[in-house]
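The following blocks contain the structures, represented as structure tokens.
Both of the next two complexes hold subunit A, though its partner changes from subunit B to subunit C.
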Partner chain A sequence: MPKRLIGLVLVLPALAVILLLFIVPLAASVVGAFEEKNSYGLGNFTKAFELYRSDVMFTVMIVSLSTVLIGLFSIAIGGYLTLGENPRAVAILRWLYRWPMFIPFIVVGQVLRTFLAKNGLMNNMLVGAGIITPLQAASFLDWRGIVIAFVWKQTPFVTLLVAGAMASVDRGTIEAARNLGASRLRILLEILVPQVTTTLMVGLVLSFVTMMSVLSVPLMINAQSPTMITADIAFRINAYGDYGVANALGLISLAVTACVAWFYLRHSMKERA
Partner chain B sequence: MSTAAIPETNAPGFRLDLWWIPRAIVLGLIAFAIFGPLTNLLLWTVAEKWYFPHTLPLEYGFSYWGRVFSPRGNAMESLTNSILVASLTVVVSLALAIPAGYALARLRLPFRAAILFAFLIPQAFPNLPVYVNIARLFYEIGLNGTIAGVVLVHATHGLVYAVWIATAAFAAVDAELEQAARSIGAGALRAFREVTLPLAAPGLLASAIFVFLESLDEFTGSYFVGAPDVNMLPLLLYTAGAGGNYQVASITALLLLIPSVGFMLVVERFLKSDVLSKVGH
Partner chain C sequence: MDNGTFLRIAGLSAGYGATRVLERLDLDIRKGEFVALLGSSGCGKTTLLRAVAGFAKPSAGSIIVAGRDVTRLPPDRRGMAMVFQSYALWSHMTVGQNIGYGLKLKGLPRTEIAQRVGELEEMLGLTGLGSRKPAALSGGQRQRVALGRALAINPQILLLDEPLSNLDARIRLKVRHDISALQKRLGITAVHVTHDREEAMVMADRIVIMDAGRIAQQGTPEEVYNRPASPFVAAFMGAENVLELSGNVDASAVAIKAGANNHRCLLPLGGRTLESGMFEARFRAEAAELMTGDAPAGAPGQALELSGRVEAASYPGGIWRHSIRIGEAQILVDAPRPFEHGSAVRIRIPAEKLFLFNTRSAHERPHAHSLHDGRKGRVLEASET
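Take a look at the complex of A and B:
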């Protein structure tokens, strides 16, 4: 048997699993979105927009806001890890920031549901410190809770990528800028960030996709309307067995993700040109 | 002159770095943001009674632990199912990923970059619409609500870690060692089994742990394909939390948290930089 063929035979089973258990169902969801009783049409989309227009807007806004916050925090943490002049503070931060990375979303949902609730530890400590009165204590379990959960969980992942990329930026340039009197903030914004844009964008796009498909966090933190598309899809199927509208909503979330991916690709093409 | 010199001579030993004040405040806030929620979870696991407006639980105890781990409780069933599914997922993923990773690292393959990229696809699309349709498909062929069905769904998602890390692990093993074994008469399979595989083992172990955790923590796929017939820990957490039983939900969350955090603390021991630098190449 020629060597190339052996290689293909070894790879084929794994590829077949991806094809059968991911690409085929993905195609089925695209086709299913247009399927009506006896024909094909846009009926599911009309219904999806009629019922869930505000939820689609809500989802896009929540995920976009979370992505922006994740980007800002990861630049700030990564920047301090790279430019920080006190080794002890850098070491503490390096130890601290990655804790939430491997914590599963479902646990993040449960942890933050108890923490952010009206009688959660956060309000209790604010009351204890005299910052707010017990009557002012408000529950954060609405859109803010979802954003906090996403940022809490995804920031370490993007920071890990960004800090790694920042560490491999040429130290000589940084030292030169420092000797010429540039402040650390200016070095971060004008030297480090431009050089790690590609890594930062990859991390943010991956986070965006992940957040678009998380079901547990919206179910646990905020299941009332308006909620996220994922919760609506689950509801459509569990309550009505309505695969048409569920698939239409799924295709909408795919389209949103595709927009982001397209935006990213156009940006990276421009960088290379 | 001499009085003015005193603070200067003392300075090196006792000089307080005033920058520690803003540093301590910021680091303290980050620590609170990360460990505050986790502390709250720990408190809930041992709270017998806790309601508004009390800052801390009124009574502490382990009675809910007893309830979770009692033989009649469905937590034991979920725990067994979760571990069984995660172990089977590791076996299936590695059985597919070891040959694929070896071929991608060592053999000349046409469309190698495209094949590597294909395993990334499940990470690059929102998964929920896919799970919904897998569940529908599995329902028709009788795989819905079975352990095998859940394992297949988890393995599909775990393959990206398994294949990418296995490829990097095999690429980090010196190809000349295998050629040396071949030249003194070992067959291809024997050279692989006795030379390459043991040397790639730490990297493969890391990918196995990744796949195991990914499966243990997976919620959406289990929710559509497994529930309500196959009970798993994340599903138990969800139903307990939805029913307002925060103690059982928190204990379950803690059970899921321990392996994840434990792995985070030791991951660098398994994934050496020589393997990490080859990931995705």
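Take a look at the complex of A and C:
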């Protein structure tokens, strides 16, 4: 057998897996999104927008807000890990911040549900401490709960990337700024963050895509309307067997993540230019 | 305290964890002086510079600038600016933004910053490059941007951490002169860390040779080159040919005893501090004169003469370099013409170019201690530069 053919044979299993488990189902979903009773058209999309327009907006807002907060927290934590002058505090923070990464979304949802509910742990503590009265206790199990869950779960991941990138920045560039009199905050914002922008963007884009696809958190924390697209997709399929609208909603969320990816690519192209 | 002292380092100790890098080091630097800290890697020269700059915390001692104790002050309050070995330019800022950053931090108005940056760019030959990013500059240009960034804030003291080691050999020669000329013109006090002997010689008013966290010798380039105070300094300054001799010392002369390969000779003491006994003799390859074995003997009392055999000759340019065996020892000697392999030769070393030190077996040096163990290794390291 010629050498080139052997190469192809070796690649074949991997190729088959991608084709059968990824390309074909994706194509089927895309086609399914345009399938109506006897023909093809945009009916599923019209229906999806009629029923779930506010959910799409809700999803985009929640995930965007979470992404911004994750970015801010990861810069703050990464910055302290890099510039912090108290070695013990830095060591403790370095040890602590990674834990949420190892906890599944469903557990995060469960934990926050018991913590944020109207008679949950958080309100009990606040009432016990005399900060609020029992009448003032409010449930956080709405959009705020989802944002808290997302930020709590995804910040360590982005921080891991950002802190790694910050650690590999030439210390001289930090010392040169200190030498000229820059405060630590200025060093963080004007020297460190600009040097790790690409890594930060990659982390945030990956987080955005992950959050767009989480089903357990909205189901556990916010099972009312408006909710997130993932919950709607599950509902369409489980309650009605309506794969058409479910596929249309899936395609919509794909379009949203594609926008973010495009934004990132444009940015990184500009950086390189 | 000497009135001319501007930067005083007194009893400075520093280290990383349990490792002591500097041991109670004292150094006084005058205003406008260019001092080179010279030593092989690990000798503590960079740690000393970083302690002066405020990036390394000393465990003891003080740093005083113009009578003001700055030991505990942050780096920006010491009136010093540092040029880093890696240049440490901010790649996301333009040349103009890099140079002007220190002024921006001081809150100067934008027009004033632009004017000062323009002046510096002109002075450093960077005119027209102000809007470029560092990645679009050559090594020499980046080096000048780093220098401009440090000079922009008008520091009283300029600290240079091996600023030329990342440059091509050819550019380095020019930049050496550029930096020292600029330093003289601005009248700024400069402390320069380097492991390159020639660079220190060419640039500095005073050379401070460091060894294992202490100052081995300091003085003008001519002094440390011609009157090394210890075998380590002699080796570091290029006197790498080593011989064992013995002799007697009186008030004005040293009498070298005849050995297997040398005649008895009487050399003027010439300010050396020596005691009778065993000597370590050191000299440079270019300090000795090479003659054929049957050449007439020179006047005794002016030079040491050795006899040996040529083992190899090479031409590094300008002169011929010979490897010569003298008994057990092997030395390098330069000559204007090549001598044949295997031929018997005589080597004549003028008294003033022969460095003599008492060896430890003959006389225990008062400061001889564990720091001098492993000298051999360091001498070898020094010879690589």
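By definition in this document, the second predicted complex is superposed on the first by the 261 of 273 C-alpha atoms of A that agree within 3 Å, B and C clash if a C-alpha of one lies under 4 Å from a C-alpha of the other, contacts with A are read in each partner's own complex, and residues count from 1 in each chain.
The rule is simple: a contact is a pair of C-beta atoms (placed from the backbone, for glycine too) under 8 Å apart; a residue touches a chain by one contact, two chains touch by 3 or more.
Everything quoted here is computed from the prediction, not taken from an experiment.
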Room on subunit A for both subunit B and subunit C (clash or fit): fit
A:R184 touches, of subunit B and subunit C: first, second, both or neither? neither
Vertex subunit A; arms to subunit B and subunit C (CA centroids, nearest 10 degrees): 80
Which superposed partner A:R94 touches (first subunit B, second subunit C, both, neither): neither
Subunit B versus subunit C as contact partner of A:R144, first or second or both or neither: neither
Touched partner set for A:G172, first subunit B, second subunit C, both or neither: second
More subunit A residues in contact - subunit B or subunit C: B
Partner chain(s) touched by A:K47 [first = subunit B, second = subunit C, both, neither]: neither
Contacts of A:M125 with subunit B and subunit C, given as first, second, both or neither: first
Touching partner for A:Q195 - first (subunit B), second (subunit C), both, neither: second
Nearest-approach distance, in Å, of subunit C Cα atoms to those of subunit B in the combined model: 13
On subunit A, positions contacted by subunit B and by subunit C: none
Interfacial residue positions of subunit C with respect to subunit A in the complex: 53-55, 74-77, 80-82, 84-92, 101-102, 105-106, 149-150, 153
Contact footprint of subunit A on subunit B as seen in their complex: 17, 19-20, 23, 27, 30-31, 33-41, 43-44, 50-56, 96-97, 99-100, 102-104, 107-110, 115, 118-119, 121-134, 136-137, 152-153, 155-156, 159, 163, 213, 216-217, 219-220, 223-224, 234, 237-238, 241-242, 246, 249-250, 253, 256-257, 260-261, 263-264
Subunit A residues touching subunit C - in the complex, by the definition given at the top: 170, 172-173, 175-182, 186, 191, 194-195
In the complex with subunit B, residue positions of subunit A that touch it: 3-4, 6-8, 10-11, 13-15, 17-18, 21-26, 28-29, 32, 86, 89, 92-93, 96-107, 109-115, 118-122, 124-125, 127-128, 134, 152, 206, 209, 212-216, 219-220, 230, 233-234, 237, 243, 246-247, 249-251, 253-254, 257, 261
